[in-house]
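Structures are listed in the sections that come next.
Two complexes come next, and they have one chain in common, chain A, joined by chain B in the first and chain C in the second.
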Partner chain A sequence: MSRLRELLNQFEEVANSPRKQLDKYLAEGKKVVGTVPVYTPEELIHSMGFVPFGVWGADVEIKDAKAYYPSFICSILQSILELGIHGAYRGLQAIVIPSLCDSLKSLGQNWKYAVKDDILFIPMTYPQNRENEVGRAFTKASYERVKADLENHLQGHFCDQQLQKSLDIYNEHNRLMRQLSLKLSEHDQITAYERRNIFKSAHFMLKEEHNELVAEFLKELDNLEKSTKKTRVITTGILADSPNLLAIFDDNNMTIVGDDIAHESRQYRTDAVNGETALDKLVDKFANMGCCSVLFDKDRKRADLIRDMAKERKADGVVVLMTKFCDPEEFDYVCIKNTLDEAGIANVITEIDRQMVNYEQTKTTLETFKEMLR
Partner chain B sequence: MAEEVKKDVKPEKKPIDPNSSKYKLGKIIQDHYREVAEAKERGEKIGWCASNFPQEIFQTLGVKVCYPENQAAAIAARGAGEKMCDIAESDGYSNDICAYARISLAYMKIKDAPEQNMPQPDFLLCCNNICNCMIKWYESISKELNIPLILIDIPFNPDYEVSDAQLAYVKGQFLDAIKQLEEITGKKWDDKKFEEIMAISNRTSRAWLEATSYTKYHPSPLNGFDLLNHMAVAVCARGTVEAAEAFETLVEEYKENVKTGNSTFRGEEKHRIMFEGIACWPHLRVTATGLKSRGMNMVATIYADAFGLLYDNFDELIKCYCNVPNAVSLEKARDNRIKIIEKTDPKGLLVHTNRSCKLWSSFMYEMSRQIGEATDIPVVSFDGDQADPRNFSEAQYDTRVQGLFEIMEENKREAVQ
Partner chain C sequence: MYYLGIDVGSTTSKAVVINEKKEIMAKEILIAGIGTDGAERVYQKILEQIPAEQIAKITATGYGRKLFAKADTEISELSCHAKGVFHTFPETRTIIDIGGQDAKVLLLNDKGRMVNFVMNDKCAAGTGRFLDVMANILHLQIGDLQEEYFKSTMPITISNTCTVFAESEVISQLANGKDKADVIAGICISVANRVASLAKRVGIKEKVCMSGGVARNQGVRDAMAKKLEMDILFSPDAQYMGALGAAIYSLEEME
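Take a look at the complex of A and B:
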């Protein structure tokens, strides 16, 4: 088996068995802290000796979470709560939940009562006016709050130099993931599902470990002949996770040449570089973030970003993967559509859901879209 | 989250007494829309404003604004909710989005709704202490109309008290908003005027809180649904003497009712309930009748306190805006409601699971369970929507209310025995 294939298998293994990963870290004596979408100060958590572990829910049936959430809350949060109730996250010391959308505001509130395991809820409250002085001060205070919770309840230890080390690891990870996205746009031999595995595995691994694998994978990719035969699309949305969904791309010879997916590339756009202390750099990172449905974006620059990405990556079209009941994304959609239409970039929307088993509707939509792009 | 005035004023046999609260409150709303339209005609810059944006800012500056939430409620109550939602949906806005936002986005596009018109905005004043949906909604308008948007971000507070960090953050934005609004409108800030506005706002809030407190009487001298109607005034005119006077008149009338045994609740008050959530404006009559016909009066609502913002100084003012109902933790939200229940003595809780409002509905199940347990009253919920008529089923509503009624009857019988 080629090294490239081995690496792809490894990414797949990690992406599809988070519990195994979690148990591995626990067996190594590490403390693990859950991190909930869309953003959390992972670098800070990492620097204090914890393994930040992505908690984005899973494709499961919702039963007991229904006692807490009405049906019109997104399936990511419903499934996080469902899994929490059933002990799937047992072993986590804490869970850090940001309040970046209305539904997220309630997750921590429900968590406190629904989940009986001893997993501490740590709120991360980000400002929306994040660039100005008061916004930065508030981001810092919220980081301090997370830090204090980790220190007081979980015996974490903070040190600015340690944080700097974590920033270096995370900045490097960002760089590698950006490169990955770019390089995959020239290698359509890597399927949509395989691409997902690389991105998804990042949430279940220490970034220093993921860095090694991705760096090696990128080298292997360089040895692979370029191939751009498939239909080229950009994906945008919160999540592009379901293997059944990704199979539709692969079955229809569509390759993802770039993404604006919250679970994927949105995580890696901004580095923590400027500031006096490492903590200041992390504050500066958040101040510089944007182009995301849950971050105040007055000029809807996100739409321009998608348009520009589609042009740069020579995409044939953009696929909007709308997570059902995600109102931040639903609002953005109109502007994204209008911007793409104006630029003459083909686009299509399809609704997805973690509880969806049958993607017939999406299949038809994407098949028709593909036909149209010919 | 803001509310609206009576939807269909029945033809009066005699003219309304100009000294009555009804006349005064109605006039405030009329004047409000007229004044903002006149300002626009004069060439002044006018804004669209979120219901819980610190009104002290533009009142002090003498800048006129109108409220999309009030407008959306009015449009919905007058029967055009579905039509407007359809327009927004045909533009690509999902029917999952809050119906107030959909109605407003439709209005921004068609610019005419006979049910409730208001002038187009030159700027936007947004505050997300009620929901982040507000941010997305105003972003969309700002982008589409290419007008400035001032956001005062008041994050959801997961803790019980407002932290110093949050206070400083919101304060800083408050001051920044003043500067931005001065630049946009060319008007100048005046500290003395600010003091005056704060004083008037407190006077209005006091009167509002006093008026709403009258539901504590047995029987209550008012139908609690009245409060949902009067809230439009609490939203759009809190910083005006007229509003203070109108609520003071309301207090006098309730006082008189207590003396004479009258009530705006028609019929015998057999049961007292707390109603949780916004009214279903498109189905106001059905929802009110379902209660009235069973002798169930609404005597408690979180809204009573929501617009009673009392403060002595700037810091307290900021804290008031940080503590509005949707911005606080489950525990604080729960305790606030329990306090209201203790004051007003409802014996049942009817919860509107509002399809439009994710934040309001998303920890309501757990919170209402806790409230029910703490106060030992039955809790029943129904599915509805404050402005999209399609998300409400009369049959379900009736069954649920009947269910609550039966438990309350039973409890009452047991209490007597």
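Take a look at the complex of A and C:
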């Protein structure tokens, strides 16, 4: 078996076995902190000696969480609560839940009532206006709150030099993941499902460990002949996780040449570079982030980013994967569609959620889209 | 040689055979869709008219297209509807296709190439299923709805878009003594309004053609024409458009 294949198998194993991965860290005596979408100060958590562990829910049947939510709310959050109620996250010391959308705000409240395991809830409250002085001060104060909770309840220790080391690891991870996305656009032998595994595994691994694997994978990719025979698409949305969904791309000979998925590339666009202290750099990172439905942007530059990415990567079209009942994404969609239509870039929308078993409608939509692109 | 298209839909199976000149030589329909042996039975009915050895190629379409093993190839029903309708009415630029369990709107360019499309969400509202449910409440055959539609003088308004809630609403209206024809007109208008909203999402370009089983309902066609304020093209073979398109794909791929 080639080293490339071995690495792909390793990414798959991690992506599909978060519990095993969590148990591994616990067995090593590490303390693990859950990090809920869309953005949490992972670097801060990492620097204080914890393993940040992505909590993005799973494709499960939602039963008990429905006692806390109406059915017309984001299924990602509902599945997080469902898994929490049933002990799937047992072993986490704490869970950091950001306030980036209205649904997320209620997850923290419901978590406190519904989840009986001893997992500390730490809120991470972000300002609407990130870039100005007041917004930066607000972000910093919220980081201080997370820091204080980790110190006071979990005996974490903060040190600015240590945070700088974590920033270096995370900045390097960002660079590698950006490079990965670019290189995969020239290697359509790597399937949509395999691409997902590389991105998803990042949420369940210490970034220094993921860095090693991704760096090695990129070297192996350099030895692989370039191939761009498939239909090239950009994906956009919150999540592109379900193997059944991704199989539709693969079955239709489509390759994902770039993404604007919150669970994937949106995580890696911005580095923490400028600031007097490491914590200031982390504040500056959030201030500079954008092009995301949950980050306020009066100019809605996200649509331009998707258009430009589609042009740069010579995409045949853009597939909008709309998470059901995600109003921030629905608000952005109008602008994205208009921008793509004006640029003459073919685009299609399909609704997805964490409870879908049957993707028949998405299958027809993507098949037709492919036929339309011929 | 002949070329066969089979459209395995949610509620019906349709088959069309064409010759090299794209003329329809045989067509069959059965009220038996996915999950039944409808596709096989409709194929056997075709074979009663055209010998199997004279069929050069078979293309399957519809939601059940992957389950018909005798097909040489498969194409999505949207592409097939586009092909079938454009062949029948080359002036068509917008197709409104309302089937048994979904609705689709397709935009074509002047070459008949599909340039945009939209499908309804997973909901029976604005589909044939909605009309079936309503006809059932009213103890009518689905074909009787159009006759009643034109008797209406004051159509009721159905405010619910959900089939289940709309069913309760219709029952309430009947309980309040509303005229049956007015209720039926309200039902047809409700379907037209919902699908017209879908059509507006892709941008309607004249001429508009309706295809699919629901297009056979003159009441819905009339309501749609009024809602869009334009004439609607319609073929008596509206239900066969997907199968016709599939048959044309069979021929073109052989060429």
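One rule holds in what follows: the second predicted complex is superposed on the first by the 374 of 374 C-alpha atoms of A that agree within 3 Å, B and C clash if a C-alpha of one lies under 4 Å from a C-alpha of the other, contacts with A are read in each partner's own complex, and residues count from 1 in each chain.
We adopt the following convention: a residue touches a chain if its C-beta (ideal position, glycine included) is under 8 Å from a C-beta of that chain, and two chains touch if they have at least 3 such contacts.
What you see is a predicted model; the values in this text were computed from it and never measured.
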Which of chain B and chain C A:Leu100 touches, first, second, both or neither: first
Which superposed partner A:Glu360 touches (first chain B, second chain C, both, neither): second
Touching partner for A:Asn9 - first (chain B), second (chain C), both, neither: neither
Contacts of A:Thr277 with chain B and chain C, given as first, second, both or neither: neither
Superposition-derived comparison: chain B or chain C, residues of chain A touched: B
Chain B versus chain C as contact partner of A:Thr368, first or second or both or neither: second
Doubly contacted residues of chain A, that is, touched by chain B and again by chain C: none
Residues on chain B engaged by chain A in the complex (per definition of touch): 91-94, 96-98, 101, 128, 131-133, 135-137, 139-140, 142-143, 149, 151, 153, 155-159, 163, 165-166, 168-169, 171-173, 176, 329-330, 353, 355, 358-359, 361-366, 383
Residues of chain A that touch chain C when the two form their complex: 348, 351, 360-361, 364-365, 367-368, 371-372
Residues of chain C touching chain A in the complex: 63, 75-79, 102, 113-117, 119, 121-122
Contact footprint of chain B on chain A as seen in their complex: 67-70, 72-73, 99-103, 105-106, 108-110, 112-114, 123, 125-129, 132-135, 137-138, 141-142, 293-294, 296-300, 322, 324-325, 327-328, 330-335, 337
